[in-house]
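Notes to accompany the following structure.
Residue numbering begins at 1 within each chain, and the chains themselves are lettered A, B and C in the order written.
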Amino acid sequence: MPGFDGSDVIARLRAAAPLVHNITNYVVANLTANALLAVGASPAMVEAEEEVAEFVRRAAALVVNIGTLTAPRRVAMHRAAAAAAEAGVPWILDPVAAGATGFRLETAQVLAAQRPAVVRGNASEILALAGQTAGSRGVDSVHAAEAARDAARGLARRLGTVVAVTGAVDYVTDGARMMAVANGHALLTRVTGTGCTATALIGAFLGAGLPPMEAALAGLVLLGVAAEHAAAEAAGPASFQVALLDRLALTDDAALAAGARVTPA
Amino acid sequence: MPGFDGSDVIARLRAAAPLVHNITNYVVANLTANALLAVGASPAMVEAEEEVAEFVRRAAALVVNIGTLTAPRRVAMHRAAAAAAEAGVPWILDPVAAGATGFRLETAQVLAAQRPAVVRGNASEILALAGQTAGSRGVDSVHAAEAARDAARGLARRLGTVVAVTGAVDYVTDGARMMAVANGHALLTRVTGTGCTATALIGAFLGAGLPPMEAALAGLVLLGVAAEHAAAEAAGPASFQVALLDRLALTDDAALAAGARVTPA
Amino acid sequence: MPGFDGSDVIARLRAAAPLVHNITNYVVANLTANALLAVGASPAMVEAEEEVAEFVRRAAALVVNIGTLTAPRRVAMHRAAAAAAEAGVPWILDPVAAGATGFRLETAQVLAAQRPAVVRGNASEILALAGQTAGSRGVDSVHAAEAARDAARGLARRLGTVVAVTGAVDYVTDGARMMAVANGHALLTRVTGTGCTATALIGAFLGAGLPPMEAALAGLVLLGVAAEHAAAEAAGPASFQVALLDRLALTDDAALAAGARVTPA
């Protein structure tokens, strides 16, 4: 498949069983911890400023998600990101609702400058982070992912990172290459935290040693393929969420390769 | 039906897709976010004192729930409520376990004086808020809803708000009218956060532009009707919760009208 | 059965309907609240330092879980533990990831000295708490429960408490007796918070008046038996979690006695 060699990413993830340190929001913490466990990673949610630097050094990857941001969590995020960068631990930033308030935008911008391996957001969040006022409306995007493609590319170049914009179609860019992931299902928008779950899964693949572009593609394809199977079993959004986690545990590399819809874009 | 015209409330809610700002407790945040998504609202959990005033101004409604109250959350709640009142954003107060401690009671009383459109609690909470020592025992009511009817009416008059007391039968009053909602199922008491979910749904209807009395009735009827259907599909409390969220997404105005059991009381 | 008389523990728990005060982590709070409700207890998550001492005095038991530890939560935990000890309210400590950082280890050690009735952890946590550097790796144990048997016995003697080490086989000791519980299922390791749920259930049995050793055995057997039944119904970890909570509500004393695998060890 052009641009995505998923032949063994899940096997590698399960073999690595990476410890993924999360500083995340309490709305989705249970879901993302269970998603990480489902795919074979070992999640830990540790957020005290007294310990995050010590903890992240033994982690394989760090996930920073500003969903229920508070001033103490912000301190912890900056410390953890700095320690991760110093220790060579790859990390991913999820700038939840970055455009919604000044507090959120400033936090996301400072974090984005601390060298995350990947930034994943919806179109409104990526546009906000790129300095294009996005009229964000809470945590749900008011833009289609396509609208943030150019902003994502520019942001990736400026920050020296991979940027993933998720939506009906996801776009992943390192500033040079641009790939589209057409997997997923509309029910993902009816369950809270599926974007955060995408971020966590990318974090798991970073922890398993995949390069940032490959980790982002693997995480998004895995979530999308699992969602497609789960939707077929669901009566509504909650049974979909249960089936999605089950499917994350059941999806192997063969199912991933068979289902992946990744193209240059 | 006397007192409840539910002919298009769900259609109106879905058309409005209101942004509902929640300052809530972390036990139920995932559930209430998913309930709001299920009915077509756009939930956001934002609690930093640095940003709540800015955020609430762009929201359609605010939900304040004192479940896992802390001093910083209390500051945020007061600021958000003040900003909501100033901006004309309707808001709802859930005085979780108001009678359990002095810290909780004082917080609930100050918030109740900040002009919420609706206050929703169980009988022990409403009795405590009304100044009638309720012998509260944690978060579960030790009183039947009937025991708080008079207190609810008095509180509604004094605060100039709508008060909803939920239990096996729910009572909703604006100080003059008193309506009873006989929908629901005993399994609602075996899942954490179903009271908080009632509060969130009422918040969604406030955000869709319904007047407080109508919003409270719509939220309680919707939750109750969905619960009745979900109970028929459930093997226990957790499968009930999954079915409940699925049913919240599937219930339309026809099902609501067919199932509603609302009477003057 | 030698060492475990489970003939009426569930009936006693349901009759007592104990108010269980939890100061716990936000990753698992929803799950443990629902587990407590499923077995007939009344959970309350209350963590503000301003109110925990007042609240715990009216509770039947206290659960302290250091999962998402922060400095304010640590203050609340110390205050609540002190008030519980003073008021004669039994409490249980879950030293999540105690060996992972100095902040965590010091907190767990100070709490362990505040006379909990029971300490429950995985092998790495119990080894860390016993002062045997455990090479903890996040929240998941890197040791089999057997490796912490001696440490558990020593810790129980030194602290004057019951210590439960959970794993594929669980060990419970008061420093003299040592019992093994062979119930459970591997899927428990694929869902976040099942160890925390074991802790919460033990807390519920403490609240129902069982002595610490009996409460620990009852909690672990109940979780294990429910898990065995749930695993037979599950397609993956998320449907397992749903079935587990349903089974916690459905398991009665007859099913418990039929399924219990408790032996002196």
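Convention: a contact is a pair of C-beta atoms (placed from the backbone, for glycine too) under 8 Å apart; a residue touches a chain by one contact, two chains touch by 3 or more.
Predicted, not measured: the structure shown is a model, and the values here were computed from it.
Student: To bring chain A onto chain C by a C-alpha fit, how many degrees must it turn, rounded to the nearest 5?
Tutor: 120
Student: Same or different: at the chain A/chain B interface, is the fraction of residue numbers used by both copies above or below half?
Tutor: different
Student: Averaging only over C-alpha atoms, locate the centres of chain A and chain B and give their separation in whole Å.
Tutor: 32
Student: Enumerate the residues of chain B that touch no fewer than two other chains.
Tutor: 26, 30, 241-242
Student: Contact residues on chain A for chain C in the complex?
Tutor: 19, 21, 26, 29-30, 33-34, 37-38, 42-48, 50-51, 54-55, 58-59, 72, 241-250
Student: For a test of understanding, state which residues of chain C touch chain A in their complex under the given definition.
Tutor: Residues in contact with chain A: 25-28, 30-31, 67-71, 97, 100-104, 137-140, 189-193, 234-239, 241-242.
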